[in-house]
Structure formats: C-alpha cells, structure tokens
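Written below as structure tokens is the structure these notes are about.
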Amino acid sequence: MTTNERPFDLLNKSVGQRVFIRLKNNVNIRGRMSSFDAHMNVVLEEAEELDGSELKTKLGTILLRGGNIIFVSPA
Amino acid sequence: MTTNERPFDLLNKSVGQRVFIRLKNNVNIRGRMSSFDAHMNVVLEEAEELDGSELKTKLGTILLRGGNIIFVSPA
Amino acid sequence: MTTNERPFDLLNKSVGQRVFIRLKNNVNIRGRMSSFDAHMNVVLEEAEELDGSELKTKLGTILLRGGNIIFVSPA
Amino acid sequence: MTTNERPFDLLNKSVGQRVFIRLKNNVNIRGRMSSFDAHMNVVLEEAEELDGSELKTKLGTILLRGGNIIFVSPA
Amino acid sequence: MTTNERPFDLLNKSVGQRVFIRLKNNVNIRGRMSSFDAHMNVVLEEAEELDGSELKTKLGTILLRGGNIIFVSPA
Amino acid sequence: MTTNERPFDLLNKSVGQRVFIRLKNNVNIRGRMSSFDAHMNVVLEEAEELDGSELKTKLGTILLRGGNIIFVSPA
Amino acid sequence: MTTNERPFDLLNKSVGQRVFIRLKNNVNIRGRMSSFDAHMNVVLEEAEELDGSELKTKLGTILLRGGNIIFVSPA
C-alpha cells in the first residue's frame, strides 16, 4: 500500500495549532506552532516547559532546533 | 545472491498497519504508521509509549524523527 | 493551514535585541544578538552565563556554534 | 596490494543468509537478512535480540537503521 | 531588522588577537588565534588549558577542531 | 614539507594483512583486512574481540562500520 | 585583520614531525605524522598512547580518524 501523504504534512496542518514536543534530553515542551522548516526547526508561541504534564517554566516564543526533537504531536 | 528488494519496502508495506518502534533512548513506541519519508521520519496514529510490552502513555498522533529510531517492526 | 513565515524570521527580528539561549549541556546564556547565519551560529554581545535565572559568569562578546543550541528565545 | 572487493560485497553475499549484528548500545541481534541499502539499513527476518548468545526477545521482521550498527557478521 | 554582519566576522576580527574558547567537554582554552576556516577549525598560538580561570597546562600551538567548540570569545 | 602520501594508503597497504582496530566504545578488534571503502568501513576475516591483548570472543568475518573506529594499525 | 594562512597549514608543516594529539575520550597520542587528509584523518608512526605525559602503550603506525580529534599540536 502506498500513500501520497508525507510526515511533514502533519507539521503543515499544525501551523497555528497547539503541539506537544518531546526533546532528546527528556524535556517536554508545549506551545502553539507558528512556523517550521525542512530541518524540523519550529517556532512555538506561549511555549511551556513541562515536568510530566505540569507546567515547569514559561518560555514565551522560542525557536527550537529540529535536531533536538524526538517527536511532535498535535496537543 | 542479489535482490531487488530494498529495506524501505518494509516501510511501504507497513503504511496503514500497526508497527513497533524501538528508539535510541530505549523507549518503545507502538502505533499505526500513516506515512514515512527518506529520513525514516514516520507519522504514527494512536501511538502509545510502552514500558516493556505494557502501555505507559497514550501519545495520539505523532511525527517521530527518523534519527531516533533503532528499528521498526510490523506489529 | 500554510504560512509564509519561516523559523529563522524569529532570528532576523531578534538582531539587535536581547535573547535567551538554552544549550545542550543545560547551560543558559543571555545576551544581545548582533548576527546569525544559516547554521544558527550567533554572535551575542554582553553575553552572560546563567545559573537558573541568576548571573553566573560575564562572557562578553561570544560566537556561539549553532549545533549546541536547543532553543533561542527573545528575552 | 589492491583489491577489487568492497566491504558491501559481504552484505550482498549475505542476502537470504543468517547474520549476527552488534549495535552501539551493546545489543546483539540475529536474523536472516533479506535486504540492505547504501546506509547499511538492513531488513532482518525472524530477528532475535540476544543476551550474550542466549535468546532474549523474538522481534520478528525488523528494519534496522544502519547508523546504529557496529558490525555485521555472517552467522 | 536586518544586518550585513555575519558571525564569522568576529573570527576574522580576532585573527592575531587573544581568544577564549569553551569546548564541549567543559575544557576552557585561551590563546592567540592565527587562523580559522569555515568549519570553525582554529589555530591558536601560546594556547593554555584553563582550570576555571587558572592556567592548568601550556599547550603551545594547537589546531583545534571546530566541532568541539561551544563558543569563542575575544579575550 | 609536503607529501603525496595520503592516510588511506595505509589501508591500501594493509589489504590481506592483519590489523588492530580500536573502537569508540573501547573495544579492540584484531583480524585480517580483506577490503575497505571511503567511509573506512572494513571487512575483517578471523576477527577477534580482545580484552586488553587477550582473546575475548571469536567473531569470524565481520563488516565493521567506519564511524565506530578510533584508529587502525597494522598488527 | 585578515590572513592568508589556513588552519590546515599547521598540519602541512607538521608532516614528518612529531605531534601531540588529544582525542575526545581524553586519550592523548604522540607520534610522527606522515600524512593527513581533509577530514583530519592522520597517519602517525611510532605512535604512543600517553597517561598524562607518561608512555602507556606503544601503538606503532596508526591511521587515526579525524572525527575523534580535539586538537593537534606540534610536539
């Protein structure tokens, strides 16, 4: 079975939406994705660092390097 | 002996199917693969993080970066 | 939903402004960004290494390699 | 002394044969290699994770990312 | 706001000058930079390895691989 | 002083000869090198994993990924 | 201030000379460099692994992968 969908379609559909991102150092980040590029660099607005599912630190707007990401999920 | 099969054929046949993925940080993920690309980035639906073979966390739809993957297996 | 914004637009808007940068070794750096390039290498002026949100060491002007960055945030 | 043999010839001769693979995280995997590509990504059938030389877990068919491999050996 | 400055301008201005370099393994190096290239490889003369800000070892002239660098700062 | 020799000449001269290889995980391997490529991937025959200079495990023929190698030495 | 010197000039001048090399795993190696390439792969003759500045192991001729190097210094 083949498909014409590609993984980055999920990022494209998530622009303007809230996402949950797990990083390699086991940090979890939540925020509203305003843009992304081919390296999976993303800009999040109202970003928050989480401890489990609890808010740990408000980060504001951040540009996150794609290389640190394990997965991105629509929140 | 040569073959015309290539490793990514296994991904192609797994689109729409359930897969089991082991990550470098020893996390195991299970879900239904809806797409993949040449970097082995994959989108999983109804993804679950496992503790051994037990459900640990429901993750929903995720875009998983290929660079974190050790192996992918049809579930 | 698509957008014409790209993640590096955030860097472009931050030139001359104060930014907060988290590095992979969990060091936090603060300073005024005077330039950046496509590898996310950045020059910061009046850079400070932080311990939590407290000043730990004054670093002066630094050229920070992009590969060490987890995220950049307008301060 | 020169040779016309190349390292990947060993992979080519191993298609359809059982191989032993040591991974970077010190996991050992055994299985029948059905395909490989230029990144040393390999598909193994009837793959087994080993504890020393003892069977630890049956993995079935897996697509193993080449970047995790230390060495591949005909079993 | 845009700028025509690029991060490597700081390296260019530092040729012949003393610089402080922090490496990924938390080693600090000080010396006079005599050349650099696009990979941020640098040659330092009268290089010294520091323990905090104290001299630990005199290294003489060294060619330092750019990939080990966290940041470079005019001393 | 310049030279026309290149580091891979040492590999070329070692084809058919016994070599000692130190890997990044501090494992030492010894064997007869039958081929190599531009990534420093090598095939060793009668390969042995060493504990210090003592035989630890006979590995037979192996294809070793170049990225794991610290150094190769004619034995 | 600009210069026409490039960091690899130091390697070029060191061909046939003794060099000291620090590796990422904190191993120090000393030997006479007979060749190098653009990846900073180097061949050392009469190479010695050091414990501090003391001889630990005689390695003979080695081909050292550039990616493991922190710095190279004329001895």
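Letters A, B, C, D, E, F and G name the chains as they come in the text, with residue numbers starting at 1 for each one.
Heads up, the rule we're going with is that a contact is a pair of C-beta atoms (placed from the backbone, for glycine too) under 8 Å apart; a residue touches a chain by one contact, two chains touch by 3 or more.
Note that this is a predicted model, so its numbers are computed, not measured.
S.K.: What are the mutual neighbours of chain B and chain F in this structure?
M.R.: Chains that touch both chain B and chain F, as defined above, are D.
S.K.: Between chain B and chain E, which partner chains are common?
M.R.: Both chain B and chain E are touched by no common chain, going by the contact rule given at the top.
S.K.: So, what's the distance in Å between the C-alpha centres of chain G and chain A?
M.R.: Taking the mean C-alpha position of each chain, the two centres sit 42 Å apart.
S.K.: Tell me, which residues of chain E touch at least two other chains?
M.R.: 67
S.K.: What is the sequence of chains around the ring when one begins at chain A and proceeds first to chain C?
M.R.: Traversing the ring with chain A first and chain C second gives A, C, E, G, F, D, B.
S.K.: Enumerate the contact residues on chain E facing chain C in the complex.
M.R.: Result: residues 1-3, 5-11, 24, 26, 40, 66-67, 69-74 of chain E touch chain C.
S.K.: Show me the residue ranges of chain E that touch chain G in the complex, using the header's touch definition.
M.R.: On the chain E side, the touching residues are 12-13, 15-17, 23, 25, 27, 34-37, 41-43, 47, 59-65, 67-68.
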